[in-house]
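Look at the two complexes coming up: chain A is in both, with chain B in one and chain C in the other.
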Partner chain A sequence: MPVSLTPQGLPAWQQRTTRAQWLQYAAWLLGISLFLLCWKVISDNTMWVFVEDAGRQGSDLLSRMLPPRWDYASVLWKPMWDTLNIATLGTAIGIMMAFPVAFLAARNTTPHPLVRSVALMVIVSSRSINSLIWAMLLVTILGPGVLAGIIAIALRSIGFVGKLLYEAIEEIHPTPVEAISATGATRLQVMNYGVLPQIMPAFAGISVYRWDINIRESTVLGLVGAGGIGLQLNASINNLAWNQVSVIFIMIFATVLVSEWISARVRHAII
Partner chain B sequence: MSTRETLLESRAQAARQGRWQRLPLIENPRWRWGIAIGVVVYLVLALASVEVNWARVAEGAGRAVNFLSAFMQPDFVSRQKDIVAGLLESLTMTLTSTVLGVLLAIPVGLGAARNISPLPVYLVCRGIIAVSRTFQEIIIAILFVVMFGFGPLAGMITLAFATIGFMAKLLAEDIEDLDWRQVEAVRATGASWWQTMNHAVQPQVMPRLIGLSVYRLDINFRESAVIGIVGAGGIGATLNTSLSRYEYDTAAAILLIIIAIVLLCEYSSSHVRRWTQ
Partner chain C sequence: MLTLSGVTKRYPTGDRALTDIQLTLPKGQVMALIGPSGAGKSTLIRCVNRLVEPTQGSIRLEETEITRLSGNALRQARRSMGMIFQEYALVDRLSVMENVLSGRLGYVGFWRSFLRRYPQDAVAEAFRLLERVGLPHAIDKRADALSGGQRQRVGIARALLQSPKLLLVDEPTASLDPKTSRQIMRLIRELCAERELAAIINIHDVALAQQFADRIVGLRAGEIVFDGLPNELTSDMLTTIYGEEEWDTTPEPMDDEPAAEPPRARVFEGLAAGGAQ
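Coming up: the complex of A and B.
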């Protein structure tokens, strides 16, 4: 914080030096110009006629959605069960695949730095592709259905669980590991008795957390044909049956709330 | 408590005789077995209800091979114009939606922090956060596409809306556990509400706010790759088209670009976060 003198010779406090101040102005100018440029691209690609009657469209949509067609809910139990299966089985498969990947990716348990970078690559590519994109690929390969959804969720979960788990492994206390290796244990035994007990609570918490996220994600996988309640959602939207759509939304909302509650309870019990 | 002690005692005795067992993850045996049986029953029910068309899966195996080979030689060129247009839309959508979302999230976040806002404001802001966080971006995108028409504007509004919930929640939590002594010190000088926010609250939450904004930029890019499926513009629409045309080499190129950009974002965001803290 520089102190300069005013013409009267009194010290004047400034937050920044002149140079820093100008740099900051330049950064703001650059940022705002970039934002405006981006805004222009979007505005060029928008049909403003449609935007003008957005309010009317919105109120129209709301009037079609209300009241919800409650008797439609009876059709939804089977898709809902499918959605739960997609999320749960997908999470289970994902965890199983993520477990070895995490051990290979953690700096202190990896057999070789080269293996580590491959494992990190797997984690990154799984994380950067959204489960809907995975589902889209798998539907073209495996055909529409629950199986594509399960595998999509599993592939997406590898990255998430793998990343959090390998960070947990890197943060373990080294003393138990040293103690076990001092007894002459093999590498696998060190993992089993030194590392595993330390990461188990974190692992259970991460798994339940991912399950909760997967429930949300599996509700929309049907939009690309991968089974679950999203199929019904897609059909209702295509038929413009908005009063059915609102029933589906309420159902999804309730399921997400319940799964969030369960996951919070379980994580609370573990930690 | 006594049962637990006897259990520990018997474990110690067994260990002395050379029969050591590790502690179970769930202590209560009734819960342990109940959960195990529940899991088995669920798995049987679930696996029985999953219908798989194995003939179709076998047919797909050839396509899977095609797809993997497409990854070996992705085609960036033949649909270059579509890819560039989609990517440009995605990137602009990401930037504008993050900026707007963060700007709108700041007042909501201030309102949702219990220690600086009155109860009615708190409840309204928490309500906004809950609504914005519950639904997936893609569901919100469906509604906004109906309202605003096809194109990146609907996508931008969707992402901005989702950003509000995310940022406001984390910002509110950050404000709720800030160091209250600094606020008191600034207030003691006779500062107004605005000055208190500016000189006591803002400096404390700023590093985290910047870090979270960069993180959200990253998330918004990933999401912008998806919401194109329902017509909200961006690279997702291009990807969807290329997959429905069975142009796997173009799809592979798009996926590789997405992975590369996400990697770049993640790398730079970790740099920015380290720099702010």
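Coming up: the complex of A and C.
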């Protein structure tokens, strides 16, 4: 009860009771102690000999990377194009699958609570596995190549798009939905007229955002053999051809920059 | 035409919103439903089109027992009951025309409505209605580009495109200024006369209710405590409905001050109604 009386008899107010205040101090003390303990454990497990010459190693690596071997870029156009395709097709397929899942998972549009738990299960399992791990599994099943990459990206995107979309569906204004139901519309018509227009901006934003993330993720899928520029990256690192690695880095950086710019423009145009 | 008998609604929380409501509405009658916030006015009209499920009792619209319907039959019954809302309940990102045509959803199949290919007679009727409510110029505007009064006109056109026999009107003027409120009430009144529609209008503004309704029903704590003509509504009666207050200072109908904002308690009513679906 933060309201009490001062000695003068005036009502006084504090944000917390004395007990809550002490509990908060104790929580801070505990948190800071835990942090220092972890610090000590990490420090004990670090081989400081390696860290001490980090500066020298870093500058050594940098000197091998520079100057970049620019003519290597000519080999990279095709894998870069593959990377973009993996990201774009993967996003498209992921969105197509996420869309119905989101409607089944949202509390206000699901046909049955049981269906809802299944849909949530799909979302959680898709989200809990990183696309690199999806790719690894799929390369084992489908063999190396672009297809494994596309499906890996799609499977990872279902969870992301599905989760954000079902949250958007749960946040819609209920009265337009009520009004459309009152006209005698069917369930599907209520979705089409009452729900869909309300989630369209969120849907467009989420999709473009995921595409943007997928461009970045698909650049590393090649590390496990799922196609794209990651294959070249892996090969160059294994050959210690650091001046090629730097060309790949610059290329990835430029692509991500462009995709970021495009997604910002698209989001701006839609919302 | 509409008969409610023994209608009772108890929300899952245990709140009794309506108790044993008996009400008969003849064809073409405009009835105002007044009462304090939380008296069950919104619940009552939502029970009629089953946006809220009544716990007990029977509701008959002409020969149809509405409380027993489900699925397709319920949707067909809903077509003949147009609903108009306090916050207009338009779909903001759709155009005015799409909003009006959505009143026809009960009559067209999914793909027609999805592709926005409505039958020509529905489209012609929509044009006529937009003309009638005074918005022929706004057809291609988005609903959120309109003012409050204009939106309510779109809401009215949508309800009328259903070719209803009955209008359920939930606080049509609560978000509008006094002048627009009168225009909207007059429009609803005229349209009911033109089409011989019966209407139940929930309204907070007693003066407006007296001016525009044929009959006034007062609801208090889920029970009907007054049912009579507008001029029978005396200060004593208002005290029975709303509780003790200095009623004589209530402004006269035609030259009054802006109506007070509706108390925020209505939001909870709306939530309860939404949750009960």
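The rule we apply is simple: the second predicted complex is superposed on the first by the 218 of 271 C-alpha atoms of A that agree within 3 Å, B and C clash if a C-alpha of one lies under 4 Å from a C-alpha of the other, contacts with A are read in each partner's own complex, and residues count from 1 in each chain.
Please note the rule applied: a contact is a pair of C-beta atoms (placed from the backbone, for glycine too) under 8 Å apart; a residue touches a chain by one contact, two chains touch by 3 or more.
These figures come from a predicted structure and were not determined experimentally.
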item: Which of chain B and chain C A:Thr46 touches, first, second, both or neither; value: first
item: First (chain B), second (chain C), both or neither touched by A:Val224; value: first
item: Touching partner for A:Trp28 - first (chain B), second (chain C), both, neither; value: neither
item: Broader residue contact with chain A after superposition on the shared chain, chain B or chain C; value: B
item: Touching partner for A:Trp77 - first (chain B), second (chain C), both, neither; value: neither
item: First, second, both or neither for A:Pro174, with chain B first and chain C second; value: second
item: Touched partner set for A:Met200, first chain B, second chain C, both or neither; value: both
item: Which superposed partner A:Gly184 touches (first chain B, second chain C, both, neither); value: second
item: Doubly contacted chain A residues - partners chain C and chain B; value: 193, 197, 200
item: Complex contacts: residues of chain B adjacent to chain A; value: 22, 25, 42, 46-47, 49-53, 56-57, 59-60, 63-64, 67, 88-89, 91-93, 95-96, 99, 134-136, 138-139, 142-143, 146-153, 156, 222-223, 225-226, 229-230, 233, 236, 239-240, 243-244, 246, 251, 255, 258-259, 262-263, 266
item: Parts of chain A lying in touch with chain B, wherever the complex brings them together; value: 34-35, 37-39, 41-43, 45-47, 49-51, 54, 57-58, 61, 81-82, 85, 88-89, 124-125, 127-130, 132-133, 136-137, 140-143, 145-147, 150, 193, 197, 200, 204, 216-217, 219-220, 223-224, 237, 249, 252-253, 256-257
item: Contacting residues of chain A [partner chain C, same complex]; value: 174-176, 178-186, 188-189, 192-194, 197-198, 200-201
item: Contacting residues of chain C [partner chain A, same complex]; value: 49, 51, 75-79, 81-83, 85, 87, 89-94, 98, 102-107, 110, 113-114, 155, 158, 162, 168, 270, 273-274, 277
